[in-house]
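Input: a single structure, listed below in structure tokens.
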Amino acid sequence: MSTTIEKAHTLSEALPYIQRYHGKTMVIKYGGGAMQSDELCRQVIADVVLLSLVGIRVVLVHGGGPEINELLAKIGKEPRFVGGLRYTDAETMEAVQMVLCGKVSKQLAQLIGEQGGRALSLSGMDGRMLVAKKLDSDEDLGFVGQLTDVDPTPINIAIAGGYIPIVSTVACGEEHGTMYNINADSAAARLAVAVGAEKLILLTDVRGIPRDPKDESTLIPEVSLSDVDALTRSGIISGGMIPKVECCAEVVRGGVPRAHILDGRVPHSILIELLSDQGIGTMIY
Amino acid sequence: MSTTIEKAHTLSEALPYIQRYHGKTMVIKYGGGAMQSDELCRQVIADVVLLSLVGIRVVLVHGGGPEINELLAKIGKEPRFVGGLRYTDAETMEAVQMVLCGKVSKQLAQLIGEQGGRALSLSGMDGRMLVAKKLDSDEDLGFVGQLTDVDPTPINIAIAGGYIPIVSTVACGEEHGTMYNINADSAAARLAVAVGAEKLILLTDVRGIPRDPKDESTLIPEVSLSDVDALTRSGIISGGMIPKVECCAEVVRGGVPRAHILDGRVPHSILIELLSDQGIGTMIY
Amino acid sequence: MSTTIEKAHTLSEALPYIQRYHGKTMVIKYGGGAMQSDELCRQVIADVVLLSLVGIRVVLVHGGGPEINELLAKIGKEPRFVGGLRYTDAETMEAVQMVLCGKVSKQLAQLIGEQGGRALSLSGMDGRMLVAKKLDSDEDLGFVGQLTDVDPTPINIAIAGGYIPIVSTVACGEEHGTMYNINADSAAARLAVAVGAEKLILLTDVRGIPRDPKDESTLIPEVSLSDVDALTRSGIISGGMIPKVECCAEVVRGGVPRAHILDGRVPHSILIELLSDQGIGTMIY
Amino acid sequence: MSTTIEKAHTLSEALPYIQRYHGKTMVIKYGGGAMQSDELCRQVIADVVLLSLVGIRVVLVHGGGPEINELLAKIGKEPRFVGGLRYTDAETMEAVQMVLCGKVSKQLAQLIGEQGGRALSLSGMDGRMLVAKKLDSDEDLGFVGQLTDVDPTPINIAIAGGYIPIVSTVACGEEHGTMYNINADSAAARLAVAVGAEKLILLTDVRGIPRDPKDESTLIPEVSLSDVDALTRSGIISGGMIPKVECCAEVVRGGVPRAHILDGRVPHSILIELLSDQGIGTMIY
Amino acid sequence: MSTTIEKAHTLSEALPYIQRYHGKTMVIKYGGGAMQSDELCRQVIADVVLLSLVGIRVVLVHGGGPEINELLAKIGKEPRFVGGLRYTDAETMEAVQMVLCGKVSKQLAQLIGEQGGRALSLSGMDGRMLVAKKLDSDEDLGFVGQLTDVDPTPINIAIAGGYIPIVSTVACGEEHGTMYNINADSAAARLAVAVGAEKLILLTDVRGIPRDPKDESTLIPEVSLSDVDALTRSGIISGGMIPKVECCAEVVRGGVPRAHILDGRVPHSILIELLSDQGIGTMIY
Amino acid sequence: MSTTIEKAHTLSEALPYIQRYHGKTMVIKYGGGAMQSDELCRQVIADVVLLSLVGIRVVLVHGGGPEINELLAKIGKEPRFVGGLRYTDAETMEAVQMVLCGKVSKQLAQLIGEQGGRALSLSGMDGRMLVAKKLDSDEDLGFVGQLTDVDPTPINIAIAGGYIPIVSTVACGEEHGTMYNINADSAAARLAVAVGAEKLILLTDVRGIPRDPKDESTLIPEVSLSDVDALTRSGIISGGMIPKVECCAEVVRGGVPRAHILDGRVPHSILIELLSDQGIGTMIY
């Protein structure tokens, strides 16, 4: 019995955290390693369903790089990179669209359903939610796009109907008949601002921003908007962390109070961040 | 960190239970020992606020015998008992009304407010929610009443407005100008049926129905409606347990699926019953 | 028949007054002598029910000094006064709370119910409607409070549900676990501003402000906000009238068009004021 | 002052009557003498506005025989009667339509507006509210019709929007391009049933049904449905009273609890009937 | 079959036009020649019903000069003109009211009903929608009025209920008991501004504004607000066209994007204007 | 101009058809040849947008066999047929899901958006709209499923929000982690019954049911439910037509008044069927 009482006590301790976020919207970008492990994936989805049940509104934005690679390999498509970024020709674009909108998002919707929640999986083509043009860049990247317009109505309708919206970040082109692949982090950031989110959470494969890039244990727990530039110039924010931090900074500038870079490999990392004192990862505010 | 993950895991385990009771109404009769200890009282109220926050609708019906005795002692009123029941003359009735409606229910409302919830404390006179006549009994008990009409509209309005309704079981008399004291267990039972509750929970000072009245550890976990008579005839249900079990049986007959006799002295007993596998106390179904 | 026609004619004459106040909110502070006589009390309540039926929204704020004294006498509590104000220790506070929230307001709710209306009796602890701190004063007055926050949502919910809200002016303390006794006139004033009332009506034991304090017949019918100071300096507004006029002035400054000091001993004084040309008492505007 | 108190007392006495009819619908057929006198007309309209303000829903169905005659005289149209009923040729029909829909109903709407109410004047062509065919009769009466279909939606929309509906009893023909003149009493009866009215009130030029047709003072106050036939066979209900009683009997059969034949020449006869003990006229139930 | 396909193609071509005006309000002033021919009238009404069915909100404001003349002739009333305008004495005013509100508008309501639509025919007295005073003019014109207040609530209620509002332009006088005849073009203009219309359409007996008044084929298709003065000074806008163009200019100044002078004698001229590329008539913008 | 008038006349002729279907729901199964031609596809989508704009609620259920074959060819997957039906192993199932949910439905959503409409593309995993089990059949067909449960809530939410729902007929398995491919005709039929559709329309590659299978011109325009068996036994309904007719019969039995087999190769065939007298294809009723 005493263990049961302890468990009940743990539930009871979550009360002030649930109160704080009740009725608030969290945009969670979910991708990378945490999505590859079936066990972790089930846990993340269970946590999302739990949050939605206690009155926290979750918008789940997903990636899917490995699944895209898998299909490209199957159809014998040689990947081509330009300046470190994937060149997306029409055939690749079709594969991206099929994998994100047809495979990954529908599997997430099914998992949520199996855990007792209800989801609607949406893409930028649904209700013309995301509209994009070709990414401005020095070299041609094909159908890699940047957002020019965001209409979050389908997300709002899903939430109002009691559904958890899942978003695949493929966008309509401004010109007819074309679609663009959008970086999921940056689409999540735009949506977080558009829906007036309380937080953006990027679930990643790292523990957060380390002070010493070689030593994960030197985690910086909080970075204010005014510190971002200095940390970047000093090289502490570097490499793949730069665009992630930039997404976070963008949403904070757009009025979202806090953005978090969390380690998706830690079980229940979203619950720990939201429903306990134990902040994990790095928070940008 | 590992403790934090364990705590998050505990939260995660509550998911299916929250799903089961989401949007359902629980009528909780709260009184006796669990109400006397400040620490236990705070815990019960925190649990009630938590349940309401995760989408479970709680109606809190309270007693207050010790507080009534305290006021009667102060005003030098000699208690008088008739066949084991308190004789309630007009002066006693006024004391009952003042203590239940003016002291206990308002303190509970304040405690809920201090824990971040919002409550409306109601009595049978509010919107003529409870109407009663003099209790049929062999000997005159004064203003002890039995309910003749229940209109749960004030409770429904409170719930619809996001408030936790608290009910003091004083009723309007059918004749003008009189009020009646109503047994809180039986008022809770009538309200549970009237609001279409999923459960009635009687928080008491005992662990449930013991097979051997002298040994609390011989708890009977479940009693079906069809077993109640036999258990009563055999003397296993006896003494003060008889009216409690009768209340439970009445609500089950009235369409409420389950009624529970729980030990209010166990910390978080409501959470344990509702949000874990660990049934405690005795369930009548 | 001709009397009947005259009566119908009288009803007909009320038309323009009902039109003027239809859908408007009146906060009526009810206390003192008009509350002591059973016959007057029934009339006042009947008038309140009538007003609510013809589309005028009434919020009834009540006092209860004599009933408090009665309970204090019963429990053998010696009243103690500091500078003319009652010192309210913890025991007195509990008595105040029990009498106002548990006795007076519930009796009013019952009377309204018996006259065919529906009421919800509320206190400052319900939905944390009234929050207070210790009154700033030269000498310690115990649990006499002054309002720091007013949330009229419970009143609005009651009105929207077709109920007449009754308010007992006991407030939550800002610190946990304490309650404060609030002067009913001044709580009525704060609530009148908070709900955007059309009028505040103080039902008192005097005819209004007399020009000659010794001669009630020298009634001043109207006092503009700009005249209040001069009348106070000249001694015309004096004694117990000063805080009443100050309440009225406060609500007018807060945007309520008119406040009235009426004689609750005159039968149907509220109807006369609202539904006829015959202004009675003193109006502050 | 004492007269003022008496007047307030008179208002107060109306409370139980207002409670009884609050939210109920009254269909009032208004015509004849009470409509010819400007002073009486103003009073009737003021009473209608008052009733609507105290929450009683009034549907005003009007006649207009004298005004029709006036226009026919102007255009030099010789009236022609067939078996006591007016033969309505196309030209007469157009006059009827213009007078009822264009003159009388708009004047009533304007009067209501001038008294502070708001009205929408409707005819059977509005929303195809009334559909008719040629009246079955031995001799051809031209465009005199009998209702075949009633759709009270326009009335319900007017009431829901806070408007008093006024109805001119001209109906669409089932065949295209024709309109029919409908007897106002019988249209009022059909509408009373269609809107689920609480009462039908026929405002007439007589005091009700007299026991002795030659002596108005021998008024029969109440006639049950089961007595109608006997009273008709015995000749007590006779002449022009027969169709009026038949209308009343029809609505009672259709589920309207009570129908009244009132004397529209008595000032405030509607108020007297609805808001006092003093029943006047004859009630069919 | 090929004709059928062509017809379907024609329907299909209307798509972008329907999209453009979906949910927008069009105020159509309907009078003159197009109203005299039964066949044209049926077509106009069918077009109005079609527009309302495809989600375009039509407010139909009608005239009725010829019908008024007809009644005046019948009653032997000699027309009298003052400076080219009809002098409207009380008797004429009554005829105007009867013809517009009682004959023309009810016939239009019936026609709409026969085509499967639903209409509510309203006048300025309904809900005091139009309030007027005597027209300022050098010579006395009797009951010719100019609008002082417009309350479009009855129109909005009709639209919200799925009805097509028809408006007869007779107004309440500011003083009690009087009504005024209002020029239908100018009432339509005021209403177009009050309801926030997308367009005002004046259906007339001419093709639009001709460059050469003697040659209709010299139609000016578009006139900007800034060109109106010059065109008037140069005499191109002249005679009866001046007040029509002034109405159009007034609504454009009032925020209505476009006003049109269309030839009501052309079959389906409203459909052609709204649902095709083929602008007809003259547009003022 | 005369052509324009003719076109307007054609629009006008559609009025009674639009009235008949206004507010009704049409489930359109779209696949086969009409989906392969870009030009036809654009026309079908334009027609769907037009219908939705004139108040007809369209649910678009799509197929995608050729696109699935295309992807299977790309990944070098050898098709395998069992008794004429495609054997669907796990890899094929994933391809089906990606093509239908990720490619075809999103392209349709984009096309609708480009035509000025708004669509939400849904699958059986969204909100667990379609739940299935393995198809009962003599030989193992892998992940070919049959529906066991349909919850049309996501469709209703889309329609209520003003979106056109598009449905890809992939279903959740009753067991966790599996999905099933559902025949689009039969899923459309189940959905038509679930949403209470007015019609099911199967857009196919044939003109309808021919009396002589070798001669398309011998089209049978209407088949009643009672004739289906006889026509099947006589061999007139044969081959691939049998399951199509069975779908139609099933929806008619389920309460949908009419089902149509239309030739999607005819331009605007849906418009012709719905908005003209010219029935095309075969109707089952």
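Each chain carries a letter (A, B, C, D, E and F) given by its place in the written order, and its residues are counted from 1.
Following the convention adopted for this analysis, a residue touches a chain if its C-beta (ideal position, glycine included) is under 8 Å from a C-beta of that chain, and two chains touch if they have at least 3 such contacts.
Remember, predicted model here, so these are calculated numbers, not experimental data.
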Any chain in contact with chain A as well as chain E: F
Greatest separation from chain B - chain, by CA centre: E
Separation of chain D from chain F, taking each centre as the mean of its C-alpha atoms, in whole Å: 56
Separation of chain E from chain F, taking each centre as the mean of its C-alpha atoms, in whole Å: 45
Cα-centroid distance, chain C relative to chain F, in whole angstrom: 68
Touch-based graph of the chains, sorted into line, ring, star, complete or other: ring
Chain E-touching residues of chain F, taken from the complex the two chains share: 1, 4-5, 7-16, 18-19, 22, 43, 46-47, 49-50, 53-55, 115-116, 266-268, 271-272, 275-276, 278, 280
List of chain B residues in touch with chain C within their complex: 71, 74-76, 94, 97-103, 106-107, 109-110, 113-114, 118-123, 125-128, 153-154, 157-158, 161, 163, 170, 172, 176-177, 179
